[in-house]
Amino acid sequence: MKAGIIGATGYAGGELVRLLMGHKEVEIEWYGSRSYVEQKYADVYRNMFEIVDARCMDDNMEELAEKVDVIFTATPQGYCASLMNDGILSKVKVIDLSADFRIKSVPVYEKWYGIEHKSPQYIEEAVYGLCEINREDVKKARLVANPGCYTTCSILTAYPLVKEGLIDTDTLIIDAKSGTSGAGRGAKLPNLYCEVNENIKAYGVANHRHTPEIEEQLGYAAGRDVVLNFTPHLVPMNRGILVTAYAKLNQVKKADGSMGLPAYEEIKAAYDAHYGKEKFVRVLDKGVCPETKWVEGSNYVDVNFIIDERTGRIIMMGALDNLVKGAAGQAVQNMNLMFGIKESEGLELVPMFP
Amino acid sequence: MKAGIIGATGYAGGELVRLLMGHKEVEIEWYGSRSYVEQKYADVYRNMFEIVDARCMDDNMEELAEKVDVIFTATPQGYCASLMNDGILSKVKVIDLSADFRIKSVPVYEKWYGIEHKSPQYIEEAVYGLCEINREDVKKARLVANPGCYTTCSILTAYPLVKEGLIDTDTLIIDAKSGTSGAGRGAKLPNLYCEVNENIKAYGVANHRHTPEIEEQLGYAAGRDVVLNFTPHLVPMNRGILVTAYAKLNQVKKADGSMGLPAYEEIKAAYDAHYGKEKFVRVLDKGVCPETKWVEGSNYVDVNFIIDERTGRIIMMGALDNLVKGAAGQAVQNMNLMFGIKESEGLELVPMFP
Amino acid sequence: MKAGIIGATGYAGGELVRLLMGHKEVEIEWYGSRSYVEQKYADVYRNMFEIVDARCMDDNMEELAEKVDVIFTATPQGYCASLMNDGILSKVKVIDLSADFRIKSVPVYEKWYGIEHKSPQYIEEAVYGLCEINREDVKKARLVANPGCYTTCSILTAYPLVKEGLIDTDTLIIDAKSGTSGAGRGAKLPNLYCEVNENIKAYGVANHRHTPEIEEQLGYAAGRDVVLNFTPHLVPMNRGILVTAYAKLNQVKKADGSMGLPAYEEIKAAYDAHYGKEKFVRVLDKGVCPETKWVEGSNYVDVNFIIDERTGRIIMMGALDNLVKGAAGQAVQNMNLMFGIKESEGLELVPMFP
Amino acid sequence: MKAGIIGATGYAGGELVRLLMGHKEVEIEWYGSRSYVEQKYADVYRNMFEIVDARCMDDNMEELAEKVDVIFTATPQGYCASLMNDGILSKVKVIDLSADFRIKSVPVYEKWYGIEHKSPQYIEEAVYGLCEINREDVKKARLVANPGCYTTCSILTAYPLVKEGLIDTDTLIIDAKSGTSGAGRGAKLPNLYCEVNENIKAYGVANHRHTPEIEEQLGYAAGRDVVLNFTPHLVPMNRGILVTAYAKLNQVKKADGSMGLPAYEEIKAAYDAHYGKEKFVRVLDKGVCPETKWVEGSNYVDVNFIIDERTGRIIMMGALDNLVKGAAGQAVQNMNLMFGIKESEGLELVPMFP
């Protein structure tokens, strides 16, 4: 099987290359990078010295569609949508790591992203590639919208409780913390070492673009509109996202017929029902808080929760590697599903510690 | 004026030494450290080489009370309470950096800290040393309970809105992030470089000891009991605390007589009313999120807020240096107030960047 | 094939587990750890949750020898030597990650390590497991002394030039920089996050234990005694060793018959002669300086050099991951050689960036 | 006294502002920054919020010369030289933090910096502002060339031994390690957080521009030409430079008339002779290695040495904060000397730990 990557020199693109190097069924045919055309890929990412011999190619999606079985687009917002057409989709499967096909409502997309959507006709058929939730649809898809990093972590952390109606989604607050690779490889002052190191800050408060994506997906789970607060923070580390989510627990009927807060076991059962058979979602032991370091370099998401009886709230926590399960790993997982390959192929990486 | 420090070789004690070196009115008479008795202080903290010539002393509070004007106790919980007596308080002023005299209710203290309080008779007279709020009481105090680091940041971030009734305290959630010096200088595995670096985690979820302290103080501001969620996180950096706090805004009467969310200007006015004249609390410009790096090494607390009209919530943010305004700096500020010294003496440190 | 690990809960032991999880021919039978006997291994290293199900075992080498084909000892100096006997060596192959069998001279070992050697009778047969240099001997060994992390990097960086007589070994100076995982997982004050972060220092100056190991091995290459300076430094990062080595170039005969400094091509040819076919040693392109990040998580060593015509010196540089090629990876490489498995099995990890 | 800063928004410029805020005799009149003209300085460096109220000005040196007593130029190489003229020097004193007036030989400057020198006529009178060595000349200077960060650390570390002829300068090798603020605040890919964090590399090997500056100054001390190796490394930390320098000790006459290596006490005496009365150079206790963290935020340089009798070499070590003693602090120290102010005014900062 042959794959092409458009945007192979960003951090997510680079991670795709790393993962596909260890994938038995796939060969990378095309390292697309408009910024580095003709340069050796291993000169851009020297970890690939003597591993990748190819040079970077321009982003010619039409030509690429002739040559490969699957295209990954790890490109700025709007780029993939601007190139999509029937010809391409008739020839190859596309996994888009940008936000272009994640949001079903064009006005919502255009409002939060501030750009016009250039191919809204493909939004409907695009499958939101959160494998653990939309697995069957992904298998049949020819266009997958690979979820955002914050989004994957936020949704998977809260999903079972939203789905089972155990929390009041009107009270849902997601406080997220991300390593700096999520900001990309652009040479921008706020991402300089000296600006990020020994520092933590919130950003995109009340207006981060991953908000509507989380709301839409959790809305499907809830069966009603969800409006929530999402606050990302920049943390001085390379990789990792930690989500700390808060919500009021709904009262449930207890054994004696009275109403009350659900017990630990009831919440645990909800998580297990959804994730018990999932290889890549690990529901931790009671009381253990997820740490990003325990999943680094791997496709795992670690989730857990603690009930606060004093306030009637539950604190849900989730951790993943933003470049793996939050981007490239999930893209490979989607590819595996789309092509009938073993779902974990190329993804059986043990987290690296320390 | 002479000062004695009990616990001078912890990180907070070391910071006290650094600050007092730059204080015009105070000389340190006693570097107390049970772990390093007789050793040169500058061998424990080599930044003090050729600056501090003294050796560490044992923790003899009785003797110390004879020799100095003010005692700082930067010691484990319970230690200060176990030594306190009328004789000491009749001779010196005491500023306790531990939690022993912060909480007015003995049962609450004993429940959250898991130890018996050895001198409850002094709790009533102890003044909670959050200078910006209890300035006049601090001036008259002989025993000051210096607030916790998370607590100072949390309270100052939310105080004006709680005091003015602008938020619904039942919905208040505080998500806090701290540098690792807050964990102290004990040689414990979870604080090793390789365990903390490239990692973020929540800890003490729903049971961190600073919770009742925040609740008590905000309760005084609210005029009613406050019960909230407080979740601390460990961040891979040496210094700094960032608080991100969430609450529903209360409806206020608008100009046209209708009820609605308060506008930016109304919230800003509340912050300015309380902090406009405060040197050490900086209310940032509209839209600017506090970053811990901008206050590093200084006694400043930076606060700001963003209104989310979609959810009706306000996101309040605050940042300080946990060893300065969160510990030693505030202790010096309290000392200045107690002795009639200029409040900012020894604290006019410009934050260090980068 | 079955493997046992003694010292499975140190950082090198943990890395062995990570690597062996991805090895097709080996199963770990025994997770030895005296500190955590009976505890679940995945409670000690939570990255292994749902990956390793076993509990930690005591360090019973005799019992272990009955059960497995290979034993890895990742233990403090002196421990492996104290347990070694003919019975064990007749049953299993042993790969010792400590220094016990690295140095052929007992007095040298005892002087630098300050302990008595308990089984000097096995030193002679032990093979120094630097695969690229002693490959054929390793294949036949039943006891391999796995090289130190600084040592592997230092030797491989300088080896071709020493072997080919291109540098004057009397002028050889090795300035090395290491991430903090090299200091182990012991809870010691100097390894606390706040002590290491934002800091760099030299340590073990003129007396670090890896010095005689480097001198012995380079001495074999030179065919004469080598005495050199080796200075390690502690760097605020988890993984990675960088070696910067300096030496005077020997004069060589030039094409026109005169004597002069060797040209870039001559030096390059020496590196290529030794490493051209080596998978795990990458001689970088002209002018490219090795960076530890480019080999992180992998078994690669990147080496390169720059000639300074002004001083007549060559600056040789090498980078590796101290836990992989500097410890566990090399141990697996040795195991593969000893058991006739493909040398790179379990080690085809692409370096992780960023 | 009034000061103007040209280049006030670089890291060194920002540090100058921080230091001058605490200086009793000086007021900053002009915050020059071509990149941020008209913007509030505190919007560029938010640590200065409510501390600095001024806006950035264009770099008009002529106008500035009319308004202030001293001008600091913290600008790219060549800029200061291009503006210098008799008029300016007749009105104000100038302290240039760039390299323009550090090197006495124009060809050497032009070769290493690759630019033409625009005002060579002022090189002769410019005083090299390494206060501890050229104090008397600095006092009389109107144009001071403020030394480089690597340079200050390298020279002060080796100076006493070179001056006293205790080492063979032909064998001198300087291996230096720097925090990332030394690379400046430009938005360049290699300085991004994710590229620097968890990484160490050498750069500028055999061609770094600080080399001739070190050679020239040590040459004056030696009384002969010095040619050496200087290798800088980039370390994942904000601030700090560590120098590890190696040289062969010269034989000295011993008490019994024989020749031999100098003893510890003889070397120590040389350091003490030069630095015993220097406030800002601390010669550490025997065996203690300098660490950058112990001088962070301060104007101190910590130096020490270890004799290796096996190799006959001495390892000299030095640590400083590259933005303070390595740039802005030394500039203030020079200013104090030039204007007859107490030399340590504004510089009595206690190093911050952790």
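By letter and in written order, the chains are A, B, C and D; residue numbering begins at 1 in each of them.
What we mean here is this: contacts are C-beta pairs under 8 Å (C-beta built on N, C-alpha and C of every residue); 3 or more make two chains touch, one makes a residue touch a chain.
Predicted model, so just to flag it, every value in this text is computed and none were measured.
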item: Which of A-B and B-D has more C-beta pairs touching across its chains; value: A-B
item: Longest centre-to-centre distance from chain D, chain (CA-based); value: A
item: Computed distance of Cα centres, chain C from chain B, in Å; value: 47
item: Whole-Å gap separating chain B and chain D, where each centre is the average of the chain's CA atoms; value: 37
item: Touching two or more other chains - residues of chain A; value: 11, 181, 194-195, 197-198, 236-239, 291, 293, 296, 354
item: Of all residues in chain A, those that touch chain C in their complex; value: 11, 14, 18, 21-22, 45-51, 181, 198, 238-239, 282, 284-285, 288, 291, 293-298, 302, 348-354
item: Residues of chain C defined as touching chain B within the complex; value: 11, 180-181, 185, 187-189, 191-198, 236-238
item: Chain D - residues contacting chain C, complex; value: 171, 173, 175, 177, 179, 194-195, 197-203, 205-206, 227-229, 231, 233, 235-240, 242, 244, 246, 289-293, 296, 306-308, 310-311, 313, 315, 317, 319, 354
